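Multiple structures are listed underneath, in structure tokens.
Next come two complexes, and both contain chain A; in the first it sits with chain B, in the second with chain C.
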Partner chain A sequence: MSRILVPCHVKGTVALQVGDVRTSQGRPGVLVIDVTFPSVAPFELQEITFKNYYTAFLSIRVRQHTSAHTTAKWLTCLRDYCLMPDPHSEEGAQEYVSLFKHQSPSMTFPKWLSHPVPCEQPALLCESLPDPSRVSSEVQQMWALTEMIRASHTSARIGRFDVDGCYDLNLLSYT
Partner chain B sequence: MLQEESDLSLIIAQIVQKLKGSNLYSQLERQAWASLQRPEIKLESLKEDIKEFFKISGWEKKLQNAVYGELSVFPLPSHPAAPPEHLKEPLVYMRKAQGSWEKRILKSLNSMCTELSIPLARKRPVGEQKELLNKWNEMGTDEPDLSLFRPVYAPKDFLEVLINLRNPNYENGDSLSFRTHLGLIQIPLKVKDIPELKECFVELGLNTGQLGIDDSTQVPPELFENEHVRIGQKVLAEQDSAAAQQYIRQGSPTALRAELWALILNISSEPEDVLYYEQLKTNVIQHDLLVDSLIYKDVKLTASNDDYYFVFEDYLYQVLLCFSRDTSVLSHFAYNSASPPKSYIRGKLGLEEYAVFYPPNGVIPFHGFSMYVAPLCFLYHEPSKLYQIFREMYVRFFFRLHSISSHPSGIVSLCLLFETLLQTYLPQLFYHLREIGAQPLRISFKWMVRAFSGYLATDQLLLLWDRILGYNSLEILAVLAAAVFAFRAVNLMEVTSLAAAEAVLADLSTLKVMPLLQIFLFATVT
Partner chain C sequence: MATVEKRRPTVIPPAGFTDSGRQSVSQAAGATESEEDFLRQVGVTEMLRAALLKVLEARPEEPIAFLAHYFENMGLRSPVNGGAGEPPGQLLLQQQRLGRALWHLRLAHHSQRAAFNSNVTVAYECLSAGGRRKRPGLDGRTYSELLRRICRDGRAPEEVVAPLLRKVQCRDHEAVPLSVFRAGTLTCFVLLEFVARAGALFQLLQDPAAAVADRRVGQAVLDTLEGALQASDAAAPARFLEAGSRLGPDSLALALDRAVGGRRPSAPMTREEFLERAAALFIAKVKPVG
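Up next, the complex of A and B:
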């Protein structure tokens, strides 16, 4: 089972603010980003990756359709996940972050269904033994990563700083 | 959980990659082949037997030391999506600031080049090569005309850049408020406070023996010193880098220091290393670089004028000129926020096959650079060993003192740590100095940029650098700077100008480093 990117549409941020948005005295501390999935087929979300920019805490809520007849419910997958241990300092402020399925405490990221076919929830990770096919795919990924690094560049010392014995230079370049 | 496991395998993959290019790898391979002759190595259990052989013969320890060395230097692997720039420096505005600063340096060097009509690099004619080779051990006797050269920058120029650093996402208003930093650094980096520093530097505590305190003449050596020396000898016999690093937190006996530092930095002088140094020497003989003149000028202005270091003038040229030609230094730019300057072979501007780095090691020396090398001359007399030690010290520590980054041991963090410590624990002094126009950082900056080299007495400096190695961090420089201010607080409270404050702090040569640090961290009422 390999991972693929799920096409999604990320809407602009909306500030949660009481009162008139135009009076900008108070800066809102909470912003909301809506993410929608235009794809038709159901998928199992494994990982969310993003680059942080000064967000201290993150909560993720998903809207799940269980069947055609019940209304869509909002579920909280992650609440107040800490991205910046000290919001007033730079730690974690511009880091790349990945959130995995197993980090969601009580449930998996639910499957998004676009058509009303009831479906089983996939087996949960945390308590039971890991699924062998999953483990083997993880191991495969790690191996691929190792191979990729091995193939990419050598760390052998180069030694030569000249080009064919010539080190007659112009000026230093600014690019 | 799985994320940690994949992090670990990534770290392992990177370290394996790094070590594959090293001498150790080929040595281990040779040893493994040679061990096949041994009777205890059986084909059925080949892997286990060879591993056992490595353990007994001490090769496993060497590998452990190498891995430990890599872990000390290389930052934790970042997220797979993070680009290489992120590893150099995660904060975008700091990367930009470093880029602008570098551009200024390049412009300065280029204008020096054009004004003086001196090329950046020039192949020496054969006669000149012979002459230099003959003079190699006494380059200090040379008196070239360096009057037209000026250092590319001095620490105070760099300080101005740091003072003007701003985080575009940080709003603290134009007017002074409780959110404005009272010091010069306006970047909200996380720095440790005294309780955290006490935890971090626990071995410097009042109940732990220290060299620099408990080896003074009044203290009988049976109480601490003898035992400490004995343990040091044992650590050296075991050849264990990690143990040496832990040991040296309490200071190194003078007789053991050279070996201990070499063990911690994982420097062994193999024939290949001596050969490599000789190759660098050949490069110096063959090509003359503009930066050589900058190095000469720096040595003449700083180390040659210093009572402790002038005797080592020749060594300094032998190390620094070779350092400029060493392309292996380029690999440290993977985790340094700085980037090596680029140039093109004359006439081939813009053609990537003719792009080179200048100088070959990518490091442009600034005023005071030679002081990083000078103290090491007391420990190492063999040029190639001295060279290796300096190079390793540079790519582990010193580079952080003159590049703009958010790293906890970077100069920006050290400045902020110093200012915060002073503000928090000596608020009256801080306020007074600010009021008279003597921002404390303006005085202490030069100490930290040079890691106190040239300001402290040599024996004290070496005790300080013991702890830099022991804790693998430069934070102790900021703590010492604050401790010095605390020590001279009474005099400083009485001055009424920046010049007078500087005069109070001009001479640090009588200071004893370890008592100052210990009192500041562990004996000051907070």
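Up next, the complex of A and C:
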């Protein structure tokens, strides 16, 4: 049986991230790549080949259209398949990867790729800068204390009639 | 010179047994019983039980010193001069009450919320108790004085805590309800911990040689914290995730990197200035009393 390439359309990556992508400074850990197959004829996918670029783990989910009557379901073919043994090292970072049908427990192969990105340290951190993890720990505690106080306001009033912080009786209004 | 302690008369067990051996046994039994009764009658049993409960609740690092302070405070409750002569002046009583209330408030850390709240209630009652020349209830002047004492004893610089006190203090003549009292004291203790953390943070940021930090570094950290506190209107979990993302080590490292950016060092930032600015971020989130 000969193997042929199936034409596919790979969409751009989408970050799974909470909050506004433009303003937030954190790097997301999970990116999603959609792959669609424009050809209508059904096929049996045997192998996926790609070149990795600093992805540590790969999950593949496929949406199958089995027949016209049943609704398409999402199936997970691969979950957290390890491409890089150590995300902070170079091993496996730019390798060519082939995934075969027999590696996935379910039948056919993906039309949808989920593409997690490992945590990247900022390159060339200045020696004189303070340790970010310790700074982060202190700042997070300060944030938590402030959030706690913000949440724990009391609704009780002292019964004062303030007008711009002034307690002058003449300034009290009757409306 | 301590007053002579009077000795209470011991209960003498009745004699009247013909057998000498049995007489001695019954005498010993009688003496033991009288000791227990004695302790119970003078209230020592109850007092020790209360003291032990307080120790268990507070779990202090130095239990003996804690107990010593506890009993010292107990002594304050009884009349200073044993009833004879002039009663202590209003000012002295006020100071005693403040001292006792402060002691109660410091028994439990604010994070031990149930214990802290019960101590707050005890402190409030202590300050609100009526006296011979004092109406019951807590007035704003005493309350404000207490808050100042909390902050001063917590070794926070005055300029740092002054804006908070302006927000949560009450006017001298106002009557302070328990909920306001609780919120105000809690806020003060949390601010003290916040300032302590900010101090530790400054230690990390400062130049080991000098006692100052690079202004760009300090400002970058404060700006990041401020940004994380500028909550979006999203619901709580999303807000926490966003803050966690901003305040994570990677994000902070990037912010610091960007701030320093290869330019030559700028003006230094002192510890006082850093603490003041950090505290301002906290105080901005405190709801003023009113």
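Some points to look at:
What we mean here is this: the second predicted complex is superposed on the first by the 104 of 175 C-alpha atoms of A that agree within 3 Å, B and C clash if a C-alpha of one lies under 4 Å from a C-alpha of the other, contacts with A are read in each partner's own complex, and residues count from 1 in each chain.
As a convention for this text, contacts are C-beta pairs under 8 Å (C-beta built on N, C-alpha and C of every residue); 3 or more make two chains touch, one makes a residue touch a chain.
Quantities reported herein were computed from a predicted structural model and do not represent experimental measurements.
Using the contact criterion defined above for the overlaid structures, shared-chain residue A:39 touches neither chain B nor chain C, since it reaches no partner.
When the two complexes are overlaid on their common chain A, residue A:18 makes contact with chain C while staying clear of chain B. Of the two partner chains, chain B is the only one touched by A:91; chain C is not. In the superposition on chain A, A:54 makes contact with chain B only, while chain C stays out of contact range. Of the two partner chains placed by the overlay, only chain B lies in contact with A:100; chain C stays clear of it. Note: residues 27, 138, 141-142, 145-146, 149-150, 154, 156-160, 162, 167 of chain A belong to the chain B contact set and to the chain C contact set alike, using the contact criterion stated above.
In the complex of the two chains, the chain C residues touching chain A come out as 170-171, 174-177, 179-180, 182-183, 186-187, 190-191, 193-194, 197-198, 200-201, 204-205, 217, 221, 224-225, 228-229, 232, 234, 238, 241-257, 260, 278, 281-282, 285-287, 289-290. Interface of chain A with chain C (complex): residues 18-19, 24-27, 119-122, 125-126, 128-136, 138-143, 145-150, 152-154, 156-160, 162, 167. Those residues of chain B lying in contact with chain A across their complex are 1-3, 5-6, 9-10, 13-14, 16-18, 20-22, 78-82, 86, 90-92, 103, 106-107, 109-110, 113-114, 119-123, 167, 169, 171, 187-190, 276, 279, 283, 287, 325, 327-328, 330-331, 341-347, 349, 353-358, 360, 406.
If you check the complex, the residues on chain A that touch chain B are 27, 49, 51, 53-54, 86, 88-91, 93-98, 100, 102, 138, 141-142, 145-146, 149-150, 154-163, 166-175.
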